[in-house]
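Take a look at the following structure, please.
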Amino acid sequence: MHQLVPQKLVTVIASDVLEDRLIATVRNRGASGYTLVRARGAGSDGLQSGNLDADTNLMLKLILPPERVSGLLDDLEILNRKGYHLTVYVTDVLVMGHEKFERPMDI
Amino acid sequence: MHQLVPQKLVTVIASDVLEDRLIATVRNRGASGYTLVRARGAGSDGLQSGNLDADTNLMLKLILPPERVSGLLDDLEILNRKGYHLTVYVTDVLVMGHEKFERPMDI
Amino acid sequence: MHQLVPQKLVTVIASDVLEDRLIATVRNRGASGYTLVRARGAGSDGLQSGNLDADTNLMLKLILPPERVSGLLDDLEILNRKGYHLTVYVTDVLVMGHEKFERPMDI
Amino acid sequence: MSAFSNLLIPAVLFFALGFFARLIKSDLRFPPDLAKILSIYLLVSIGLHGGMELANANLGEALVAVIWALVLGLLLPVIGYALLIATRRVAPLDAAAIAAHYGSVSAGTFLTAIAFLGTQGVEYERYPLIMLAVMESPAIVVGLLLASWTRRRAVAGGSLRPADEGEPGNGGLGEILREAFTNGSVVLLVGSMLIGAIANPNALEALDPFTADIFMGMLCLFLLEMGLEAGRRFGDFRRVGLILGGFGVVMPLIGGVIGLLVGHFMLGFSVGGTTLVAVLGASASYIAVPPAMRLAIPEANPSLYLTLSLGVTFPFNVVFGIPIYHHLAVLLAGWT
Amino acid sequence: MSAFSNLLIPAVLFFALGFFARLIKSDLRFPPDLAKILSIYLLVSIGLHGGMELANANLGEALVAVIWALVLGLLLPVIGYALLIATRRVAPLDAAAIAAHYGSVSAGTFLTAIAFLGTQGVEYERYPLIMLAVMESPAIVVGLLLASWTRRRAVAGGSLRPADEGEPGNGGLGEILREAFTNGSVVLLVGSMLIGAIANPNALEALDPFTADIFMGMLCLFLLEMGLEAGRRFGDFRRVGLILGGFGVVMPLIGGVIGLLVGHFMLGFSVGGTTLVAVLGASASYIAVPPAMRLAIPEANPSLYLTLSLGVTFPFNVVFGIPIYHHLAVLLAGWT
Amino acid sequence: MSAFSNLLIPAVLFFALGFFARLIKSDLRFPPDLAKILSIYLLVSIGLHGGMELANANLGEALVAVIWALVLGLLLPVIGYALLIATRRVAPLDAAAIAAHYGSVSAGTFLTAIAFLGTQGVEYERYPLIMLAVMESPAIVVGLLLASWTRRRAVAGGSLRPADEGEPGNGGLGEILREAFTNGSVVLLVGSMLIGAIANPNALEALDPFTADIFMGMLCLFLLEMGLEAGRRFGDFRRVGLILGGFGVVMPLIGGVIGLLVGHFMLGFSVGGTTLVAVLGASASYIAVPPAMRLAIPEANPSLYLTLSLGVTFPFNVVFGIPIYHHLAVLLAGWT
């Protein structure tokens, strides 16, 4: 039978101009991969209608071993302090095939 | 070091013709913002292939302080009772920079 | 007042060439519906830029009664063993109107 | 055989290709936005042409055409509703939602009919283009009125608690009218028509390569996608059941015949124009009406009306209906 | 009245239709990708045409035009910044970000001006097309320099801790220049221009149906979407406040007049060419500059600059500005 | 130099622009749907033209061309597989998946070759268009057969447990053939070809502005996006390794030469037609084959075959390959 292992799911919602920067961060923190979903929304930075290059959001989903979460959040806080608008939340998840999430991406 | 604070993440999946109505509800309940993702799917309302205006779904993601969740769910239940098909679920999350989720949107 | 009932949310991230196969699996396991979101990403199968038919991902979201999760995961593990790259995780959620998630889809 | 020479029209063939692709379970898929983009394009192009015709039209004749368009749009949903209730297979609110689709029109079907007349070398009046725009909304209003009436009867009969007034989905007549006329497709079509009527004619001519020359190609892509979509829905046919499925074939025939009579006797149109009015009567909306119904009659099952309109009536009209209506228009013209 | 005959240009009317659709709260919506697709199309088409003009241009004259384009692109943001700071209603980093938009240009406005001149039968020089490409980036650089300077002053004044050097958003001049010139729209426009200048002329001609014939139609769709978007932003006007909103009208007038003077006196252009230079001066970017500002001046509020550029200045220019600048160009030509 | 005058073809230049944009790390990005929309457009347009040629073709000659297309499609993957296994750098299932790409074709490369011949004023036979459609699927079948065979050998050798029969990814020959021929791009291309062959010719002519006039522009946009995509993949070159990267250059040369021989000796084509057959042999699929491989050979690494096909072979063919094959075709024609 399958075995589920607890890991952390970090979700980041931000303007999609930050894509390259967020992915670089994720790589540096040794994630095994990442998933991006296009999003729209609104918040303190106003309406993000999704129709213009500058007002589309992205949602980054990242599964990480619990011990690596803190380092990633440090990086995200630096971006936050610079003025970028990031919505970040962490969820407990149980993953299938947990070893894959411990191997860093090789690209 | 960063500090994570527990909040609730409410997810609503519904036909995207409800977009304006859902956003109005969210505003009324004092959310600090919201995130929308385009979705497809199927359920008791049949196939939502995403290709026509009337059969595209949306997924609304909303971070709320726990004490405001109940009020929002009341509003969503009214929609449900009117016959709209809403899939609603609540998840526990830990957020970064929790104060931002307590300030209502000003737009 | 509304009543929230615990259920499981299973998320599957995979290449979108698997769409039909995943949906068939979901139907067989008696899900009441499913939700699909288009995604991009990267992992051990390389970059999924989302621009070509062969390198777009999808994210499947599925709410299931806890007792049905295990059967679904068995099916997903078979796909995994065949060599397909699936990222699968399970989250605890509280749903509104839980009965709807117990009725299998009739399409 | 001439009656089926419409099967040699590329637009119809592309529709068939899409349908066939689903039948053989091909993984051919259109990006979801493409259908929306193509329908925006088609509505804008039709609107501009309709407007240019309107600018040159005899206003008296145009007015008569508009009035008959209103009559069709108001009458057909009532007939549809009565028929559906008579089958005893469908809940009253489902009947209201389905009926609304049949009082409105399908631009895809209408354009296929124009392509059909084109290949047959049949001339046609331009007023049906204006009627097409006029017919988008009234049926929505009738559908919503039928739904209100159904709900009131249910409340009176005790099978429904009184609706919370002022809440969404329970709007008054004003709200109903507003929603019917601010419907995205209606605004696009009527707005483009207005632009076509008032804009500088030389400037409009510069739009021709976009709105006219590449039009047929865009229509082919649109019908290809609609074929895929119809094929996907056609599988739900069994869900809908034989009797309801039969409605999807009978109702366009009824609408088509009423349209024929209006076109020939009331509007005095030629064979071509009469065929087009028949198509307006026969076709069911799958762009403008479904979102309006989802919003305003949430109790109705969208898979019923989408399957009927897109999975049954649309293919029927494109493949069989159009040549039939044309054939009948020829007979009618010869007969009187 | 001739001054407002631009209201009969289809592109302007489609803009108005989009704006109106939001006003009446229609549910008309464009798929998010359509705006991006249309803007890619427009940039490529303008670029190719600019490049073909460049290939045939008198290089000396072209050089003078390029230099004045640079001057406008560098000067206008400084004026804008000073004005904004003078209002005392806006934080310095917001001022820097907003100002950058006004030194750059809006292809949509420029193309509408060309359509306007076309319907008026006014001839124009081709150099403004080249100037359009040149003016995309310099204002970005000025905006970032203003922001750096503001940040340094704040650090010196103690209201900001020193920026962590080498970290994103705090790049040096090299990084700033790189980002300004590798901006997606800049690469697309300048790249297409280069292709237009060097490619085989016969092969380029084969592109004409795509880049020229259907261009006006694509522009109409783009302006329809921009109308929707402007309508959506216009509602935020109250957020922006009256004084800042006033800037969105005054600044284009200032930029327009400076452009008029440059076009007429420095470049010796005809009425048409002078009008176009005025439009380059008057218009504010909403494609190229906003993403650059989000990335490099994260402290600035994007809803301020998007509302001003897209919700105030763009509609103002399209409806009132263009005929005004043209009128002034006529006066200027008669007067000297 | 005439051999590189293909670098003055707009389509090639747009490819280079996309590639260059990635090189300088520009943030230029296409909305994900645009590539899919453009490829749908290209397949439909090619299909229609192929079909119209087919309708006018000498059936005997067409049949011979089709047979040789089948031979190429069946032979080339076997050669590719043998070569890859010989390098000892790639797992057998990866080899099977990669090989399948080289037996199929790239419409983008083929169309660039047509543009190249066009600017050189070289005439060509129309049969290669039909061959293009024929060659989409057979290589998929060969790839899957090679994979089955590999898996059976591994099971026999004990390095793999026996596959669960009837489960996805382990289908029998029937299932393999079905999947190869219901592949979305195959259905679109072959379906459009059929429509082009049977539809009413006048009605087809009305599609010309869409399928022919704006074709070159659409191709330019498509190649721009493919340039971006190739640039993105090219960075993975180091992942693929030098030897495997070398395969991405050597294999098209082998396929090109075999194509040349087939075109010249077996089909008796002119220089233009022979060049096109060479391009069919040389080019590797990146639209139709990759999804089929992901589904049917899940054990293979998609980043290997996408990098090779799109990041190495496609740029090689577009920039160097086409003029080389043309040059060789000229030599061959002079020599015999």
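All chains are identified by letter, namely A, B, C, D, E and F, in their written order; residue positions are counted from 1 within each chain.
Here is the rule we go by: a contact is a pair of C-beta atoms (placed from the backbone, for glycine too) under 8 Å apart; a residue touches a chain by one contact, two chains touch by 3 or more.
Please read these numbers as outputs of a predicted model, since none were measured by experiment.
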Quiz item: By CA centroid distance, what chain is farthest from chain D?
Solution: A
Practice problem: Please work out which of C-F and A-F is bridged by more C-beta pairs in contact, and write that pair. | Solution: C-F
Exercise. Would you identify the chain whose Cα-based centre sits farthest away from the centre of chain C?
Key: E
Quiz item: Cα centroid separation between chain A and chain B, in whole Å?
Solution: 20
Quiz item: Taking each chain's centre as the mean position of its Cα atoms, how many Å separate chain B from chain D?
Solution: 34
Practice problem: List the centre-to-centre spacing of chain C and chain D in whole Å, with centres computed as mean CA coordinates. | Solution: 36
Exercise. Could you list the positions in chain E whose residues touch two or more of the other chains?
Key: 25, 27, 30, 32-33, 36-37, 184-185, 209, 213-214, 236, 239, 291, 303
Quiz item: Tell me, which residues of chain C touch at least two other chains?
Solution: 17, 37-38, 40, 46-47, 50, 91-92, 106-107
Quiz item: In the complex formed with chain F, which residues of chain C make contact?
Solution: 15, 17-18, 21, 38, 40, 45-47, 49-56, 78-79, 82-85
Quiz item: Which residues of chain E touch chain D in their complex?
Solution: 5, 8-10, 13-14, 17, 20-21, 24-34, 37, 115, 118-119, 209, 213-214, 216-218, 220-221, 224
Quiz item: In the complex of these two chains, what residues of chain A are touching chain F?
Solution: 17, 20, 106-107
Practice problem: Flag every residue of chain F that touches chain D in the complex, lowest number first. | Solution: 32-33, 36-37, 40-41, 44, 48, 182-185, 187-188, 191-192, 194-195, 198-200, 202-204, 206-207, 209-211, 213-214, 291
Quiz item: In their shared complex, at which residues does chain B touch chain C?
Solution: 11, 13, 37-44, 46-47, 50, 57, 59, 70, 73-74, 76-77, 80, 86-92
